[in-house]
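After this come two complexes, each holding subunit A, first together with subunit B and then together with subunit C.
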Partner chain A sequence: MTLRDHAIRYGFILLLFGLIAYFATAADGFVSPQSAVFIFQSVAITGVLALGVTATLVVGGFDLSIGSVATSAMMAAAYVMVVLEQNAVVAVIACLLIGAVVGLINGWLIVYMRVPDLLATLGMMFLLVGLQRIPTEGRSIATGMTMPDGSVANGKFSDAFLALGRHRFDFFIPNLIPVSVVVLLVLAALIWFFLEYTRFGRMMYAVGSNERAAELAGAPVKAYKIWAYIISGVFASIGGILLAARLGRGDIASGNNLLLDAVAAALIGYAVLGAAKPNAFGTAVGALFVGILLQGLTMMNAPYYTQDFVKGVVLVVALVFTFALSGRGRR
Partner chain B sequence: MIFFQAYLSGVEAQSKALGVDLRVLDSRQDAALQADMVDQAIALGVQGIIIQHGLTESMKEAAQRAVDAGIKVVAFDVNVENPEIPQVEQSDRDLARLALEQAVKDNGESWKAGYVYVAGIAPLDRRNETWVDVKKKFAGINEVAMFGTLDNPIANSVANQARSVLSAHPDIKVMFAPYDEFAKGVKIAVDEAGLSKDIKIYSADISTSDIAAMREPDSAWAATAATNPAVVGQVSVRVLAQLLAGEDPGHNVIVPPTLITQKDLVDKDIKNMEDLSAKLPQFAHADVAMPAWMPNPNAK
Partner chain C sequence: MGNHAVFRVDGLRKSFGHIEVLGGVSLELHAGEVTVLMGANGAGKSTLVKIISGVYERGGGTMGLAGPDFAHKAFAPNTPAEAIRAGVVTVHQNINDGVVADLDVATNLTLDRLSGSSAPFLFNPGRVRREAKAVADRMGLVIDLRARISDLSLADRQMVAIARAMAHQPKVLILDEPTSSLSSTEADRLFALLDRLREQGVAILYISHRVSDIRRLADRIVSMRDGIISGVFDQKPLDYEGAVNAMLGRKIHLDRIVARNSAKAVLTADGLRIAEGARPFSLTLGDGEVVAVTGLVGVGKTALAEMLFGVRKPLAGTMTMNGRPYAPGSAGEAIAAGVFLVAKDRATSGIVGDFNIERNVSLPFLKRTSRLGVLRRRIERATARRQIQELGIVCRSEKDEMSALSGGNQQKVMVARWMSQAARLFILDEPFQGVDISARRDIAAKLRASASGRATLLFVTELDEALETADRILVMSEQTIVGEHRNADIDLERLLAEVAGRPLHSAA
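Right, the complex of A and B next:
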């Protein structure tokens, strides 16, 4: 391999280590187990969303609705527990169902109604931002809230559900690793194995790189595409569950920032190990990269707009790595 | 959103008490649409208009057109720069002052502080002025970190930032978060870092879920200062009624805020906004724009 190949393959990982080394010297307290765990925790929700959107990127699609699926799932969890006074299991099932159904509808719109992916999922995004407000007439959900009909909602977030956001597992140090980080790592491992090593996953890549060829080879292209959106929807709803468990409320929110951060992580992932294609490992590293940057910058008192700026720079650099340097972006 | 719901409920309550035929035009935070809606109201032939929030640039001329059409106008939290139009305000400076006075009372005059702020939002800018003054007055107050973001869900984004700030400055004693979404985020971070007994949070605004968060055992959220949005809505309608009755409510009508401490909430067993209004009477009613003939919607 030439030097150039090495640069493409390991450049981004090196950048990551360089960043860690820089913050370790510049910011007190950056290097500690707690700090490392926190970086994972801060990217857990967007990371899960990013892994989901990676599945749609693999089949050559895109899912703009993930942010609003996550916030809708958060509202659904709050509604089920606070207003309907159900337990944690019902809340989790309701969220996952919402994710799966939204994914199915997205897939159906794109595959059978022939609506372009960006437009279909954009429409779904608007739809969900509105839909999540209808049951409470635009109110955020918290215990003791007054409902539109004047009654008071007395249900509570169950302790089991809140534990998803607050419980920590012992790992050498007691109470170190939060549930959300475990969820992120498990889902990352699952989707990575699924995409790289199962027939189903490889076929999804085949659909993404050349849909027509895959179809002529007899692959059920439509089914693969729909499954990709279902995966994306379910992952987004898992992100929403983690969000609800962390906040302990149902907040009306568009989730646009979740969407943007997740997409950034997935796109940065293209550059990791010179993959030049959507991949789960890259996505996880991309999410971590953004998390490390934000943690370090915040510790150094950088205001929020510089953080957005830096995030943008990283994304652009990553895309240059992918498309110009590797030369594989041209199809 | 929560503020608007409560404000509107106050407007409705006072309108009902007065027998006003109320029309609500919701511009959904669209500045141009909001100006168009003033013209729409003029065309409807209304007698009075209350303008809630908005931008001086977009609302000034629309408000003037309404005045020219012989309509009485009241503005809340948007300066329409018109001597004919009374300005109803919740005093953001007083909000910040009340919360910070409590912080000094609880923690003395010397502590390390984290401050949550996003520039360019009018109420936050006004609250910031007070924070700057307080820092000048007490040399012992040392702001070691300033952070903040309006990325939604705000509490989640602020929690991430606050976690980073806490790992860089574990010796922070006081967090000043003069907006309740900021305070919620900081509280999540403080809890996650296991520092809830070592840090106190002071904020502005209040809601039912804020009350629950402040009441939690060992909650770091010590106090908040708030104006009841429903009361502000009531005052807005009363000022308009005074204008229509030919009385002068004054150009600046200020609705005073109330300090709400964790101790108040626990001692008086206040669990939601209704309890708060029932058990802290100064929160439920402001004796502002209350001539003798004015019906009081809060009278039981």
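Right, the complex of A and C next:
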């Protein structure tokens, strides 16, 4: 391999370690278990969404609705518990169903109605942003709120549900690792194994690379594409559950950054190890990269409003790595 | 009319890598004449056209275009725009390359003027329509100038593309298989237009395989084969069969195969009809035999291959496989029944570009290469290694990217993919396209050596390829099978007549 190949393959990982080394010396307390956990926690929800969107990228599609699926799931969880006064299990099932159904509709629009992926999921995004406000006439959901018909919602978030956002597992240090981080790691491992080691994942890559060849090799291409959107929708709704559990209410103003952060993480993932294609490991590293960068900058007292700019720079650099240097970009 | 050559190429050469595609082509075009260029796939027609139209750089030789005083001056376009400015205009095979689908006819007809560097910043819709009308009138084109291209039929789009090309008032017009997607009435309109242009003194180079087109239009026929001109026919009446022979070649190979007979039928098809209005035909493919279907481009070979493989529905007819009814609804069902297809045009229909050799080989058989959905990579690798050995694929390892392989080796990977499991019926559609001679021999030998236990069916345009590989040769013409020959003491005369669409009715 030439120097250039090495640069493409390991450049981004080196950059990540360089960043950690820099913050370790420049920011006090950056290297500590608490700091590491905080980074993981800050990227847990976007990470889960990013893993989902990775599935759609693998089949050569895209899902812009993930952010709104997550917030819709959050609102649904709050509605089910606070207004309908149901328990945590019902709330979780409702959220997952919403994710699966939205994914199914996205897939149907794209595969059978032939709407281009970006447009179908963009439309779905607008639809969900509006839909999630209708039941409460645009208000956030919290215990004791007044409903449109004048009654008062008396239900509350169950403790079991809140634990999803607030419980921490002991790991050498008591109360160290939040549930959301565990969920992220488990889902990352699952989707990584699925894409790399199962025939379904392999076929999804084939569909994304050459749809006609995959079809002539006997693959039910339409089904694979629809399943990719269902995976994406379900992952996004899991992100929404974690968000609801963390906030403890159905907050219509939250989750604005989810879509862009998740997409950025997945696209940064292209550059990791010179994959030049969507992959679960890359996505996880991409999410982590953004988290480390932001945590480090925050600890060095960089103002909050520079965050989006920094994320944008990282994304652009990663895309240059992928498409210009390796010269095999697609999409 | 003019025996005057307005355009001339001399000793044109072109190689891609170490494969020579054009080996010294010389050609003249005369004003007011239609010169038809015939050639099988890979004969070098498209390369020739692309050099003339400034898409490719030439590797050697000269080109000349007659000037005002009929003295030839050098013509060496570096870009398509230069070729057009010099007066050589090409209408490419893909109609939609010549028009902008979302704009209306008037804008399309004047597009080059609108986008030229001398075009005004603002344009006046009225003037655009007037100019477009002038262009259309000159061509005798009757069409609604306000219609959007995407609402037009293919033939109308084609007319607009040609009219647009003619707005440059070229001396030379090149048409690359313009009727390949037109119906016969649509084609008639095109021919009328070309007659008109011929009268105006345009030199036309018309590339086609369709014998009916050629009979209708040709003043001269030039046949091309393996990168050289293999025949020029300009004596009236034109010798059409001679031209087809020159295009297909009729040299008989010394290493002729020993044709085998088959006792047991694997697949039978009855009353199969592949296109509206085509004559139904029947077909039997036997165990252990290699059958080649030959015929010109566009006679329905790929349609038949796709029907056997379940990705296209026959209009009528039934099939049986080992005595049981066979009506696959998808590629997946066909594969499950043991029918495998090496599809035509590997780059778009075969190769998964992001996958290496190993993963390309295992693609259709992942179910058999996994347990509970989890891939068994050791089996996958062992299969790939075995297949690389079997077919003699030249590579460093099974992890090589496909883009690192030559065309012949890429094709071997495609064949290796489908030979990694046992087939009942193995179909190969144009398996020798873009494949060098040694890889072609390797693949053909492998097909024959492994033929027992299945039926093998090849679709090839080149007669040589059929003669080299098959026990039995079927000829297709006009969407049906018109002839059958056992590959031993073949009556080539008769076979070539069938290919050319004029079967000899005398008893052989």
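Basically, the second predicted complex is superposed on the first by the 325 of 331 C-alpha atoms of A that agree within 3 Å, B and C clash if a C-alpha of one lies under 4 Å from a C-alpha of the other, contacts with A are read in each partner's own complex, and residues count from 1 in each chain.
Just so we're on the same page, a residue touches a chain if its C-beta (ideal position, glycine included) is under 8 Å from a C-beta of that chain, and two chains touch if they have at least 3 such contacts.
Values in this document were obtained by computation on a predicted structure and should not be read as measured data.
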Combined model on subunit A where subunit B meets subunit C, clash or fit: fit
Touching partner for A:83 - first (subunit B), second (subunit C), both, neither: neither
Partner contacting more residues of subunit A (subunit B vs subunit C): B
Partner chain in contact with A:145 - subunit B first, subunit C second, else both or neither: first
Contacts of A:293 with subunit B and subunit C, given as first, second, both or neither: neither
Contacts of A:256 with subunit B and subunit C, given as first, second, both or neither: first
Cα-centre angle that subunit B and subunit C span when viewed from subunit A, reported as a multiple of 10 degrees: 130
Touched partner set for A:73, first subunit B, second subunit C, both or neither: neither
First, second, both or neither for A:213, with subunit B first and subunit C second: second
Partner chain(s) touched by A:94 [first = subunit B, second = subunit C, both, neither]: neither
Superposed arrangement (fit on chain A Cα atoms) - minimum subunit B/subunit C Cα distance in Å: 30
Contact residues of subunit A, present in both the subunit B and the subunit C interface: none
List of subunit A residues in touch with subunit B within their complex: 27-30, 32, 34-35, 38, 41-42, 45, 71, 74, 138-140, 142-146, 152, 166, 175, 178, 243, 246-249, 251-257, 294-296, 298-301, 303-304
Contact set on subunit C toward subunit A in their complex: 309, 311, 330-332, 334-336, 341, 343, 348-355, 359, 363-364, 366-367, 369-370, 373-375
Interface residues, subunit A side, partner subunit C - complex: 197-200, 202-203, 205-206, 208-210, 212-220, 277, 330
Subunit B to subunit A touching residues, read off their complex: 1-2, 5, 118, 145-149, 151-153, 155-157, 159-161, 163-165, 167-168, 170, 184, 188, 191-194, 207-209, 211-213, 271-274
